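The letters A, B, C and D name the chains in turn, as written, and every chain counts its residues from 1.
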Amino acid sequence: MGELLPKLATIPEGIQSAADYLPLARERLLPAVWHYLEEGSGNQVTLHTNNCVFDSIRLIPRPMADVRDGHTRITLFGQTLAHPVILAPLAYQRLYHPHGESASAMAANAQGGQLCVSSLASQTLEEIITAAGQPLWFQLYWQEDRPRTLKLLRRAVTAGYQAIVFTVDAPIKQATIQLPASISAVNLDTPAPFPALLPHQSQVFNGWMAQAPRWEDLAWLRAQTSLPLLVKGILHPEDARKVINLGYDGLVVSNHGGRVLDGAPASLACLPEIVSTVSGRGKVLFDSGIRNGRDIYKALALGADAVLIGRPYIWGLATVGALGVAHVIRLLRDELEMTMALTGTASIREITREKIISDRD
Amino acid sequence: MGELLPKLATIPEGIQSAADYLPLARERLLPAVWHYLEEGSGNQVTLHTNNCVFDSIRLIPRPMADVRDGHTRITLFGQTLAHPVILAPLAYQRLYHPHGESASAMAANAQGGQLCVSSLASQTLEEIITAAGQPLWFQLYWQEDRPRTLKLLRRAVTAGYQAIVFTVDAPIKQATIQLPASISAVNLDTPAPFPALLPHQSQVFNGWMAQAPRWEDLAWLRAQTSLPLLVKGILHPEDARKVINLGYDGLVVSNHGGRVLDGAPASLACLPEIVSTVSGRGKVLFDSGIRNGRDIYKALALGADAVLIGRPYIWGLATVGALGVAHVIRLLRDELEMTMALTGTASIREITREKIISDRD
Amino acid sequence: MGELLPKLATIPEGIQSAADYLPLARERLLPAVWHYLEEGSGNQVTLHTNNCVFDSIRLIPRPMADVRDGHTRITLFGQTLAHPVILAPLAYQRLYHPHGESASAMAANAQGGQLCVSSLASQTLEEIITAAGQPLWFQLYWQEDRPRTLKLLRRAVTAGYQAIVFTVDAPIKQATIQLPASISAVNLDTPAPFPALLPHQSQVFNGWMAQAPRWEDLAWLRAQTSLPLLVKGILHPEDARKVINLGYDGLVVSNHGGRVLDGAPASLACLPEIVSTVSGRGKVLFDSGIRNGRDIYKALALGADAVLIGRPYIWGLATVGALGVAHVIRLLRDELEMTMALTGTASIREITREKIISDRD
Amino acid sequence: MGELLPKLATIPEGIQSAADYLPLARERLLPAVWHYLEEGSGNQVTLHTNNCVFDSIRLIPRPMADVRDGHTRITLFGQTLAHPVILAPLAYQRLYHPHGESASAMAANAQGGQLCVSSLASQTLEEIITAAGQPLWFQLYWQEDRPRTLKLLRRAVTAGYQAIVFTVDAPIKQATIQLPASISAVNLDTPAPFPALLPHQSQVFNGWMAQAPRWEDLAWLRAQTSLPLLVKGILHPEDARKVINLGYDGLVVSNHGGRVLDGAPASLACLPEIVSTVSGRGKVLFDSGIRNGRDIYKALALGADAVLIGRPYIWGLATVGALGVAHVIRLLRDELEMTMALTGTASIREITREKIISDRD
């Protein structure tokens, strides 16, 4: 095991795609941090299928179309974004680069996109939004009960966050990384005490799950803010229906990058049925497994309104900070544009189911 | 080939799942013993598919369900078990640890579960049940004829065993391990003489199979005891129907961990049709291939009333004796609870076919 | 590359299946000979699928059946064989052991089976049948024209061969092994001169294929002998129908062990449709890919009346001569018997389609 | 990394198929050149599936057919070719051998076939056709606008090229090899200036795609020549219909050897639907993934009128110049002939869908 390589100050030569940052990032991170970033839960079956599922979808070249006016702009909750690539909420970004979440925020802004800041950010919400120079999105985790959750939500709203993404798929925090002393979830209060368990009570059911949000909390939360509010971590169409019926503005089809329930389906496999259930009554965002612009195109073709990317932008962050994140976004967008051009697609709206062939067809 | 590592006295650090015991066990067992434990028959096709088949089944996360009252309790033949994880009958457990079957029995009891003691136990039935401090189950092998079989059954009943599992899928004992002098099937009489064969008679048909139980013996056996009586090693629905029609209390869908007929289907692949054939008229237990709590969940979702685990608890036994077995059970139960929590399932009864997606769907 | 190991004089220890002879054989053969024996044509796609296809078929254990009278006897063209395992015609067997075809013949006889001697045998037909001590089968290759072919056929009949297997699937002899001076096709005349080709004529069409047998030759051949006559190398049901309509007694479904047309289907995949086409009007034998007794069972379940094995018996021959061949046959038969016993099958006739599950079901 | 091996002057020993040239070529090319030749775009998913798809198609041996008059001749646009194997347009062939495109042209002629010379040839069109000693085909790339394109077309026509293949599937030239100073696209004018982009304009849409041909240009081009005119790079049946309706004489079903849009379907997978759409109203040629004569047979069976081969002939060129190219063609033709002979096919026309089985059947 050699020394960690130092962070770079300029974009490295020869990078052709986001994946080219992977080895550069690994050389710059402690093995435990690298493992924490990349790992999936259990036997990594879901992690693996998240990526593979994209290969089962084919893109059909359609040369000679007129795409001279092509562009990747979308409008989401009133904001125009230059492209549909949003940076997913990932905890503790100072693990990867001293500039942490601020670097990601600056990069998202520079590329005309968005960052969703995690409840577990390692910098203050205010600091990050200042660095961004634009309103950001805030990812909310349930804080054991309603008052504590409301407090965190209000802080984000006050800080100027303009959309809230409520993540519901990770109620149980399993064995994770041992954070260095200098890094913590600075925006959170000390956690509420873990429920005292009777003998024969279950840590899972009577402990963690007693502190997890339930459907009635979801209804309650909707009433607490008039900002655009999304639920992240939906894979079942029935849950999608309920979320939309509760008045949410949208949802994120996600399996948390394969990090929670191993054996969960590939996120992409769940997308089409949810899109048809939501049927335009809210926005359907997508994440888990996207690694290049062709993957983005496929998710959009299956009905997503926009996508979130997770690990790939952290590879850029770990290598060269904000510059790296911006470069990853740019690479993804370029690949998306090329895929659009080669498939004869001039706008995001034109990326439809007819543009692809699935092995299931 | 280095020295064997010594058994541990305390649970090792860093174990996250039963599979983490595998390498620790291997380092503590002679290669021939390890091979005997792990091997499948033939080209190991069945062994392999036993494990892989679980990956073709997907678990659907259902966040926000109310599972605060969740638990894993089941009732089986009048006994309440804290969880549906039963230790399968495995022969000669002193091969793995000096405390042998007694250690497994103590662990099962400590974890609120059950052990099914093999006919080929390396400690006396009485000794094991004493160590257990609770009634256990007894796995019966046919002893070449009715009187000999009855004698063994009676001994188990007298010793206090409370349920009998009659294993029928291994009539032919093929080349197996050379037992050390100190280890033997202490509960068995000297085997009856092997049938004398005429020239051109077959060792298989006229030898082994002449000493194997037949359907009429199954009917006879049912009449010999009023204890709960199960047949282990059923894969064909027609056989399941016959077993139940003969008045048996249940059966174990099992291919003996891939150790008998190579090319037999994955045990899990046979489960649904048998469940629907039995249709509640008896208990359907399941084994072969379970390695974690998600696998347990899948077997239950496909209709099993409880599961047996084989090799994984031996990994714990070989590493750290009764403590290791107990730890393996606890890990499996924790994973089962987490899977239940994440899929919105508050009781074993709620683990139904709707909770999963099979690649065949 | 070390020295070749010497042939053994007694059966080696620890052999559990035919495949265990493979490494022992390889150590005893020159690489070029080994390669010639094992190779498939082209990219070996057919060779590979020949073996893999068996794994897609499942055997269903049926314990408790009464198989005490079980046996593997069959009757083929009036002869009773102890088992349905026939040694396929393989050329030049003195390449593998000095005792050559005679050793195989003795082994087949000792085990109550049959050997089909190749046109390309490296010992005289008379010598081999003498060693056998029983009538054998003769595999006939077309000898460029009718008179030459008839001459070879008559020699075999005179020598006492009792059935003729006419191989039609290898009209083109591609680059093959360079035979040592001492080994040759001793039963053949010098080949007829290769057709003189005009410029722009094709070696394939105007050369090889001009010397290959055609359907009218097949009709002619049938008229030349009243012995049981089979065609070897049929994969299309239409060809099977024609063969039977011409009055042949049977055929061998075979792709020549994957040695001729790469890309041909697995032989087993072609079997069921041919069986249903022939529909009892002739015997359907099978070869290509069988490696153990379970494979034999599967081929019989799909409708074959008997099977031929190729390379596996040569592994035995190359290791320990006639003893090795006999041992391989015995191992295959033992496995077949065990498979029958475990699936509740008391005779070859009872091995039917219902006994198996195909992945295609 | 050792020295590059020198080019050979005679055909090397022991070559059995085109693929045997691959290692010999690699040893004779700089890694960057080798990589440029072999690479696919993106994650090489399309490159990989181009080759694998052939293995999913089975050839059915049909022995005893009368193929003594068999041949591989076809007539294409009035020219009789000895076989249906055309050399695909590949840029900059002096990268592989000093004799460059001229060597390929001579070989094509010697073998009674055709070469399609690339717009990016590294020798003049006149030089190559002189070396060929016969009229060749010319592959036309759009030259940013109509006048420039017309100029190039006219030069080819004047030079004596007899058919034009207009490649439309590669409008975006991505990062490619750095050509040595001595090698360039000698037949092209300096490219037109790249469009000046406004801030926030896209290099892809407003740059590359503004210089790409559109359907109206395709109509225009048809009017510029009465030579046989084909479009290369069609995968969607709707595009095939449009091409034919515009009066084109044919098209090439191709994904450019997996070098443009990664994720595009295997070229072979698109062939049948296009064949049935074109329905004889034009010629359907095929390329991408062919590596041997069996692959050619499969493409023809799925409806192609002829095939183009790419990388394999360059392996021959890189090893031994024109001799190597001629040898590769001859090997492919021999394999095609053997496949025809073994499947009972006497002419290219007889190679039909009934001759093969697809895994999808």
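One rule holds for everything that comes next: a contact is a pair of C-beta atoms (placed from the backbone, for glycine too) under 8 Å apart; a residue touches a chain by one contact, two chains touch by 3 or more.
Please read all numbers here as calculations on a predicted model, not as lab measurements.
A.B. asks: How short can a chain-to-chain path be from chain A to chain D, counted in steps between touching chains?
C.D. replies: Counted as steps through touching chains, the separation is 1.
A.B. asks: At the interface of chain C with chain D, does the proportion of residue numbers present on both copies reach over half, so same, or stay under half, so different?
C.D. replies: Under half of the interface numbering overlaps between copies: different.
A.B. asks: Could you put a whole-Å number on the gap between the CA centroids of chain A and chain C?
C.D. replies: 60
A.B. asks: Taking the mean of the CA coordinates per chain, how far is chain B from chain C in Å?
C.D. replies: Spacing between the chain centres: roughly 43 Å.
A.B. asks: Among all residues of chain A, which ones touch two or more of the remaining chains?
C.D. replies: none
A.B. asks: By the document's touch definition, which label belongs to this structure's chain graph: line, ring, star, complete, or other?
C.D. replies: Topology of the interface graph: a ring, with each chain touching two neighbours.
A.B. asks: Please output the residues of chain B touching chain C within their complex, sorted ascending.
C.D. replies: Listed in rising order, the residues are 42-43, 45, 168-169, 171-172, 174-175, 200, 202-206, 208-210, 212-215, 217-218, 233-236, 239, 255, 260-265.
A.B. asks: Name, in rising order, each residue of chain D that touches chain C in their complex.
C.D. replies: 16-17, 55, 57-72, 82, 292, 294, 298, 334, 337-343, 346, 357
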